[in-house]
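Shared between the two complexes below is chain A, which pairs with chain B and chain C, respectively.
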Partner chain A sequence: MSKTEPSIYGKMPILNSATLLIVGCHGIGKHELAKALVGVGTSYALQVRTATSLPLPENKETDRPKIDMVIFMIDMTDKRSMAVVESSLPHLDVDYFLGRVCFVIKNAQGLLDRSVEIEAVTQLADTYDSPLLCETVEPGQGGSSVAEKILQLLAISVGFHDHITPLLIDVTKRPYHTLLDSSIAWTPNS
Partner chain B sequence: MSSPEQSEEEISLSADEIILQLQKTREWLNTVMVDYHAKLESAKDSARPGNNIDQIQERITELQKELLDASTNLKQKEQIVKRMQLGECLSQNLLSACDGDQGAGDLVTRNKETESLLPLVQRQMELVTKILGIHKAMQTMHVTVGCYQKDRLQMMKQCRELLAQAEKQNEEKQQRGADFQQNEEIQDAKRSLEEECSKIEMQRHVLQGLILGSGIHWAEDEKLKKLVISLGQPLDL
Partner chain C sequence: MEYELLKKTLVRLRRDELEKTLKKWSKLSKHHPAWGCLEGLDLSTTKIQLLPQLYKRLSKIQPHHAGELDLLYMLQHSSSKTWTVWLSTELHGSEGYAETPQAFRRRLKTALESYFMLDIQVMEHQKALWVRIYIHEDTKYQANNTVYAVYYPHSPVLILTAIKAANREYIIQAFSNTLSAGELEEQMLSGHCLSSLAQLSLNKYSQGYFSHYRLGQVDINALARGEKRKRKIEEEEEVLDDRITYENIKDKQRSKKILQDTFGSNEQPSLERLEYKMETNFRGGNCAPHFAKSKEPFRCRVKFEGRNVLEGIKNLGKAGYATLPLPAHLARVPSLAKNTIILGNKKSKRQ
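Moving on, here comes the complex of A and B:
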C-alpha cells in the first residue's frame, strides 16, 4: 500500500471547519485526547483523526479533508512511542512546522518509570520549533487544559483569529537567530 | 409587545447574526488568502540561487521584524477606524433631529437612550474643558516652578562660593597665626616689647610711690592730679 505525506496546501480549506491529526503508537491514548478535544466545544466543526504513524495511506486520500494541525504524542515510559514520532516527522510537509505541529507528552512526572530522556524530547521540540505540552498522569485531571491549549493553537493555524497567524506567534516567541542556540521548550499560556 | 413587532425584532436579530457571520467569513478568507500569498512569495524567494545559510537567516530575521511592524500598524489602524465608526454612530444617535418638512403640529421624538446619553455627554464635555484649563494652568505653574528652582540653584551656588572664600580666609588667618607663633624674630620682638612694658610699669609704680610717699597735696594741683589718676589706670599703648 502506497503512502502519502500530508500537505497543508494540498487541499482547499473548508468553511467553519478544522481537522486535527493525532499521531502516536497503539495504546498511547490518542482517542482519549480526541474525546477531550471534542468535549471542549467549539463554534466551528472540529474533526479529529488519528494515525499510528506517518506517512498516511494513499487509498483514503480522496476522502481525507485538509489537515490543519498535527499532534505527536509521546509516552515517556515507552521508547516505542518516541521511535514512532521520530520516524514520522520526516514524512510531514515542512509547512506544518510553522505553528501547525504540537508535541504532547504523557507520564512525564514519574522519574523511575521514565524510559525516554526529557532532554531528547525537548531537543526534538527545539529542532522542529514546535510547542511541547504535558498531559498529567491521572485521566481527567488537566486533560481539558491540554485540549484547550491545543484548540487555541488550532484556531490560530486555521485562521479563525483575525490577523493572527502562526508566523506572527512564531515571531513573538523569540528571534530566529537565537533558535539554534536555545534549548528551552516553549509552551503556550504556561 | 405585539407579535408583528416581535417577529420584526427576531428578523433584525438574525440579520445581525448573519452580518457577523459574513464578517467572520470574510476575515477568515482574508487570513487564508494572506497565508497562500505568503507561501507563493516564499516559493519565489527560495528559487533564488546562491543563498547561503547566513543570508537566509538574516533575511528571515528581517522579514520577522517587518511582519511584526506591519501587524502592529495594521491593528492600530483598525482600532482607529473602529473608534471613528463608533464615534460616528454615537454622534448620529445623539444629534439626530426631526425632519424639517414636517408640520408645526408634529412632535420631535427621541428614544430614551438618547435622552439619557445627552446630559452625560454634556457633563463629559464640561469636565474635559475643566481638565484642559487646569492642565494649562499647571503647565504655567510648572514653568514658574522651574524658574524658581533655577534661581534657587544659582543662589545655592553663590552661597557655596562665598562659604568657600570665607573658609579660605579663615585658613589663611590661622596659617598666619601659626606662622607668627613659629617665627623667631617676631617672638624676640614680642619678648623685648613685653620687657619694655614691664619696665614702664615699674617706673610708673615707682613714680606713683614717690608722689604718694612725699606727702605733697597732689589733689590741689590739676596736673599732678591727672598724673596720679593716669598712673592708677592700666597701661594702654
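Moving on, here comes the complex of A and C:
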C-alpha cells in the first residue's frame, strides 16, 4: 500500500459511526446529496466529506477519520465531471472496490443535453464492479430515495449488519454488460 | 405633429407612472398650466382617450411640450435605447463644463439653429444633464430624428443615442462647441444600461477591487455594528452542518481570494455584450500549415452576450469552469471601459 492511496484498513474505525466521501466536480450537487443523506436520520453518527477530486490533500490526513465508502458523482450533461471521475479512480486503493464504492449519475433523463454516453458509464460500473444509482433532478422528492439506498450500502460496508459483507453484495450483483464475464465463465464440469 | 408624439408617449408610459409623469410635466414651464388644471383627469380610461381630455384642458400644446413629456419618459426608460459613449480629447478628469440646464439649452440651440429647425429640451436628472434634440424634417413625426444625450458635468464623458448619418457631424460639432470640449471621439463602449456605461467610463480607474475604496467600504468604523454583522451572517451560511466537511477547502478559498482581488465584492456594472475582434495572423500552424503561410490577417470574432457579461465571467470563475487566475484579457475588462476590443498583430521593432 503506497502512501498516495490511503487504504481502508489503515485507520481504526470509530464506534457506532460511519464516514462517507463524495467525489465530484465543482457545482455538481455534492452538498445537496450530503444534506439529503444527513437528513435521513440514522441510529449511528454519520459524517459526510466532499471533495472535488482524488487524491485528497495530504496535509489533513491525520485529522481525517476512516472513510467507509466513496461515492463518485457524474453529471450526464457535463463531460468534465466524467473526466474528473476517471482521473480520480486510479488514486483509490483496490480494497475500496470490493463493495465500498458507488457511482451516482445525475440528469440521466434528458436525451438532448446528454454529453456523456450511457455506455461509457455502464462500462465504468462494470470495470470497477460497483453499483450505479440514478439521481433524479428534483432533490425534494427523488433525492431521498438515492440517499436511503446509499445509506443501506453504507451500513453494510461498515459492518452494522451481521452476516452480510460488502463482498457478498458485490458478488451477487449482475453486471451491465455480460460480455465482460465471458472470460471468467463458470461451467459445471470444470 | 405634437398630437402623434403625445399619443405615442402616453401609450408607452406605464399606468403606474402615468400620474407622476403628468404631474412633473405640468410643473415644467411657467407658461404651462399648473396641475390644478389637469387634476380632474379620468385616469381609468384608456390612454388614447386621455388625449382629447388633455387638449380640452390645456390652452395650447406645442411641439416642445410634447418633447418634454418624451424626455421625461426617457429619463425613466433609458434602457430602451442603445447608448454610445463619447469622450472629449481636451477635457481630462474633472475639468468639464457645468452650467444651468436653461443656459446650456440656449447655447446648444444657437449652435444648431442655423442648420436645422429643431426642438431642444434639457433637464437635470441624477447629477447629469439630459438633452433631447429633435430635428424637424417633415410635418410628420419621425422617431429616428430624435437624439438623446446625457452629459455628466465636470467630466469628459458624453453619452449619445444613435444619430442619423446626415446630421451626425453637425450635432457632434455643436456639442463640442457648447462644451468647449475640443474633439469628441466615439469610444468602443455601448449598451443599453446607461448607468453602467457611465460608471465604466467615469470610474475607469477604480473598478474591480478598487471600487471598495471609491465606495468607502474599506475602513469599517470599530463602533459600527451593522456592516460587521452582515458579513458574519454571509460567512455562516456557507458552513452547513457539522457533519458535512469540505476537503478541498483550500482551493475554494484560493479561488475566492483571486476573484475578490480581480472583481471586488460589489456588483459589476452590466454590459450586455463583449466582443473581441481579432485581426492577427493565423496561429496554429501545426494544425493547418496552409493557413500559417499566408501573411494576411485571419479575421475572427468572439462574442459574449447576456444580461450581465461581467457578472457572468465572475461566476465562471466561481463555478470552476474557468481556470484561475483569469487570463488578462478577461480579468481587465472592467478597467478597460471598452465593449469591443480589437486585437492586432504585434508590431515588430524592425517595422
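In the analysis below, the second predicted complex is superposed on the first by the 170 of 190 C-alpha atoms of A that agree within 3 Å, B and C clash if a C-alpha of one lies under 4 Å from a C-alpha of the other, contacts with A are read in each partner's own complex, and residues count from 1 in each chain.
The working rule: a contact is a pair of C-beta atoms (placed from the backbone, for glycine too) under 8 Å apart; a residue touches a chain by one contact, two chains touch by 3 or more.
What you are looking at is a predicted structure, and each value in this text was computed from that prediction instead of being measured.
When the shared chain is aligned, no partner comes close enough to touch A:76: not chain B, not chain C.
In the superposed model, A:95 lies in contact with chain B only, and not with chain C. Using the contact criterion defined above for the overlaid structures, shared-chain residue A:132 touches neither chain B nor chain C, since it reaches no partner.
Applying the stated contact rule after C-alpha superposition, one finds that A:36 touches neither chain B nor chain C. Residue contacts after overlaying the shared chain place A:172 against chain B, while chain C stays out of touching range.
No residue of chain A lies in contact with both chain B in one complex and chain C in the other.
Chain B meets chain A in the complex at residues 24-25, 27-28, 30-32, 34-36, 38-39, 57, 60-61, 64, 67-68, 71, 74-75, 78. Against chain B, in their complex, chain A makes its touches with residues 9, 13, 15-16, 95, 158-163, 165, 167-168, 170-172, 175-177. Contact residues on chain C toward chain A in their complex (touch as defined above): 240-241, 243-248, 250-251, 319-321.
Every residue of chain A that touches chain C in the complex is listed here, in rising order: 21, 25-27, 31, 34-35, 38, 45-53, 56-57, 60.
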